[in-house]
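You will see two complexes here that share chain A, one where it goes with chain B and one where it goes with chain C.
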Partner chain A sequence: MNAVAGGVRWFLVPAGMAARRMIADRSGLVVAVFFYLLVSVTLSSLWRAAAGHQGSVAGYSADSLTWYAFAAEAAICGIAVRLVDEIGEEIATGVVTAEMLRPASVVGVRLATVLGRSLTLLGVLLVPGTALAWTIAGPPPGLGPMVALVLPAFALAVTINVIMQHVAAAASFWLRDIRAAWFLYQKLVFVLGGMLLPLEVLPDSLRTVASCLPFMAMAYVPARLAAGHPAPELLVVQAGWLVVAVALAVAVFAAGQRRVEVTGG
Partner chain B sequence: MSDDGECGEAIRATGLAKRFGAAGRSVEAVSDLTVSVARGERVAYIGPNGAGKSTSIKILTGILRPTAGSARVLGLVPWRERRRLAARIGTLFGQRSQLWPDLTARQSFTMLAAIYGLGSAKERLRVAELGELLGATELFDAPVRQLSLGQRMRCELAACLLHDPEILFLDEPTIGLDLLAKQRLRDLLVHLNGTCGTTVFLTSHDVADIEHVAERVVIINAGRVIHDGAVAALRRDLLATKLVDVGLAGPAPTIDLPGVEVVEHNDTVLRLAVDTASVSIRAVLDTVLDRCEVSDISVVDPPLEQVIARVYTASSAGAPEDASTGSSGPVELPATDPVRVGRQG
Partner chain C sequence: MRGTVAVLRAAMRDATARRAAFWWQISVMVANDLIWVLFWMIFFTRVPSVRGWDSEKVLLLFAVLTTGSGLALGILANCRRIPVLVREGALDEVLTLPVSPLRHLLVSRVDTVNLGDTVFGVVLFLAVGRPTPLRAAVFVAGVLLSTALLASFLVLIGCAVFVTGDGESSGLGTHAILVLSSYPADIFQGATKMLLYTVVPAGFVASVPARLIDRPDLTDAAALVLITGIFAALAWTAFTLGLHRYASGSGWRRS
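Here is the complex of A and B:
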């Protein structure tokens, strides 16, 4: 047991430290919560208006659209930092070479830190988000059984997003300026990830494309479950994307580190 | 038998070369570099900008893979076994922090201890030891971003010593520090070497670092070793010039010996540069004492900067046969064979 604890300590300690730092940053949390609630209320108001008093949009009632908006926003706002910029800066300034001088996976330690921050922020956002959504739309549809699906879906969504941001950020190993890549990534998450609107609203062709990409696992899945659509198979889809994301991150960072070797660090 | 290579060597590199860039436009940063360092040695590894110091250190720590040659550090091939090696070496780069600026140094140590696989008990013990050794215990609980550069460097040193490394790779460790902080860091390095047997491999442009810390100096230029020997021998054997400082108690004399140059001359001071290959120090002293009233006299070695500059210059001029083999390295200087003085590397 101790060996197991020792074996994952390199991951748990940075994650725990990052979580404590996140909690200690009270003003940062207040701003994050305010921003999250503002955007969620705005989006849910728009969707409620679109659905009309007793109507629905693409199979979502006004109340379920409210839960969808709050959940989708939480999954995205739960990512605490602009990872792509942060990693790009560290690669450009050579900080990453210092990380390469440690006896642990560079990408693993980075993921531990960011996940510690992000999952903590997600937890903080969900408390006022749930309270406000409940106030606006009443209890979430299928409250009891859905919680068991929604919470792991949130955790998986944030984890996949964080890992895929590492994959995108690794472009810094090859490119001087990856702001365009970050811009594109964000927009893909907003639209094809289902943050701005449920994927069912998209045209069939675009919905098909979205269903084949990892972005839907980052917002759409927890939001659809929170909106009361029981679809446990979506967790399996997320698990699949998690495996793909981890493999991609490891491969891209390994290639990137070889690139550091080529360019001389 | 340990896997640390032969004869207790900490570092052995043979024929290392590193070429950057595509064929046709490539630059050879390191060329046929051969060097070895015994366990427990304190070696200064110096050279002008672009000589290939950082590149070779990156090869030896496993960040870079050489294009030719072989190397073993503590018996490990650095670029193939980087993580295993990282657990046994410490690195301190003066211009690059390994601490987390938002954390206290103590929290950074906790992170590093987890990454290096130290248990909590060992971490606490080691942090206490290092705090005492470095006189830095009171610094460990301040956020790193609030520390002065000198304070931060002490914490950086604690961080790189946390896992009790067998070799310390130090790249410009005193850059930006004030005189007191520099001296303290140098003393610490010598102390660590003496008490723990830690091998020290140091690069610096500060000659005082070399004089105070190193017992051996390896000079590279254009990616290859141009000198390898004891620090003291570097002065003694490579520069025949001595400085004779004379305090005058009477009128200044005329000194017209061959091989003697008047460097400074006023009513109270006479400074002579003496080429001992042309004239003996004794002859110069006899002449000075015969011709004037002397209140004080001393014979000193020239500053090490001059000695090193002389080595660089010699490398730059090169022997005719060497010049014909001009290097393609980043510094446009023809390479020469290593000048070996004293201890052989």
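Here is the complex of A and C:
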């Protein structure tokens, strides 16, 4: 029992420290909140103007599009933009080799740290985001029951995104330069993840592709729920992607670390 | 002026020295811009137009924005680095030179990644802008004014570092003008729209020049020239006054 508690501490301590560092960085928080609100207001203005023309867009009213935009942005803005790049750099420069000396999973501690920071920032963003979206569009559709779905969806979205960014960055174990990876990843989340536009807006073929990829679990799911579409099955989809993401992360980091052990850092 | 051109030429040679990296960065930025074009094309399959902006007009706006911001952030790359330069004491070496410090700073660094925007913007205009001699002339003039306005705004907010000591306001301002100018100003209403034509002149960075290409209008053109002139003068004044407060690690000051 004590061993389990000790093992859990390896992940809770870095997560807690990262969360405290996030809260202590006041200027960083101001910039993050400002950027989040700016992008959310801009996107929601665009979609409101679009819906105003026809009354709705792809089944979303102007108000639900507002909630969609604020939710999708919150799920994405909680994570450092160039996380893939940062992790890849730390793998490529050998920082990760020092972490391999610890008696704890390298990827586990890394995930705990980033999740501590990202989930804290998500919580911070959701407060002014909800207030502003409420001011613009009124209360969220289906307020009571939806909260029970939306909050876990946010947590799962950020967690899947963070884990998949680690998976993408693990390419650095094998490749010398993955500078474009973060960029490509970000764009996939923007379009196929439903951050810029609901998946229902995509052409049929593209929507089919998007619905088969993990990116939709990172922005579309919490945004769709926040927009008032009760679909608990989306949480099941997220849970499925979470399992896949964890398995992938563990496997690629294990393989990468083996390579470092054999060839040197 | 000859000195400025020589510095710019040297900065360009420096930026393009590693050919493979140069073309890679250009390609990445072009790919980024293509994603945005894809976004707008998908958007306009669902919505015929938004407050008078259809797909052709928005792509024209995007052509102006990418060309102008590519020039401002690529050729005049230091326009958004004033806070970093001041904090690091990097103005020292410029102040010893017999040239205008701001002019020298602006042309002494080229960011190749943003040049991809410029290349993309010009190609996009040629592809979807229905270029005629008049439209091309207005495009060029609009882009140059857009570049000057964007660079002036970034220098102006960057000069806050002389007072506050940090670059936070500069970061916020940069985010604001780049995000807001990426969309037609008419999607905003009320106070936000007013803001876009005054304090954060994002409406003049892309929306107004794009509108002028489609429908030349003397009032719009005069307003664009006037607001660019005002922000350029404010930027120059703020930087000059700021230099009096500048203190580097070695304590050099410009009297």
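Operating definition for what follows: the second predicted complex is superposed on the first by the 254 of 265 C-alpha atoms of A that agree within 3 Å, B and C clash if a C-alpha of one lies under 4 Å from a C-alpha of the other, contacts with A are read in each partner's own complex, and residues count from 1 in each chain.
Convention: a contact is a pair of C-beta atoms (placed from the backbone, for glycine too) under 8 Å apart; a residue touches a chain by one contact, two chains touch by 3 or more.
Just so it is clear, the structure is predicted and the values come from calculations on it, not from any experiment.
Enquirer: Quick one: on chain A, after the overlay, do chain B and chain C clash, or do they fit? Just give me the call.
Expert: Fit.
Enquirer: Quick one: classify A:212 as touching chain B (first), chain C (second), both or neither.
Expert: neither
Enquirer: Is A:13 in contact with chain B, with chain C, with both, or with neither (first, second, both, neither)?
Expert: The answer is first: A:13 touches chain B but not chain C.
Enquirer: In the overlaid three-chain picture, which partner chain does A:191 touch, first (chain B) or second (chain C), both, or neither?
Expert: second
Enquirer: If you stack the two complexes on chain A, which partner ends up touching A:104: first (chain B), second (chain C), both, or neither?
Expert: After superposition on chain A, A:104 lies in contact with chain B alone.
Enquirer: One more residue to check, A:201. First (chain B), second (chain C), both or neither?
Expert: So A:201 only meets chain C here.
Enquirer: Answer with first, second, both or neither: which of chain B and chain C does A:95 touch in the superposed model?
Expert: The answer is first: A:95 touches chain B but not chain C.
Enquirer: Quick test of understanding: once the structures are aligned on A, what is the angle at the Cα centre of chain A formed with chain B and chain C, as a multiple of 10 degrees?
Expert: With chain A as the vertex, chain B and chain C sit 90 degrees apart.
Enquirer: Chain B and chain C, closest CA-CA distance after overlay, in Å?
Expert: 17
Enquirer: Applying the document's contact rule, which stretches of chain A touch chain B when the two form their complex?
Expert: 6, 9-10, 12-14, 17, 21, 94-95, 97-98, 100-104, 109, 260-265
Enquirer: Inside the complex, what are the residues of chain C that reach chain A?
Expert: Touching chain A from chain C are residues 24, 28, 31-32, 35, 38-39, 42-43, 45-51, 166, 168, 171-172, 175-176, 179-180, 182-183, 186-189, 192.
Enquirer: Flag every residue of chain B that touches chain A in the complex, lowest number first.
Expert: Interface residues on chain B, with respect to chain A: 18, 20, 29, 55, 58, 61-65, 79, 82-84, 86-87, 89, 91, 93, 96-98, 102-103, 107, 110-117, 119.
Enquirer: Quick one: which bits of chain A touch chain C in the complex? Just the residue numbers, please.
Expert: On the chain A side, the touching residues are 27, 30-31, 34-35, 38-39, 41-42, 45-46, 48-50, 53-54, 57-58, 180, 183, 187, 190-191, 196-197, 201-203, 206.
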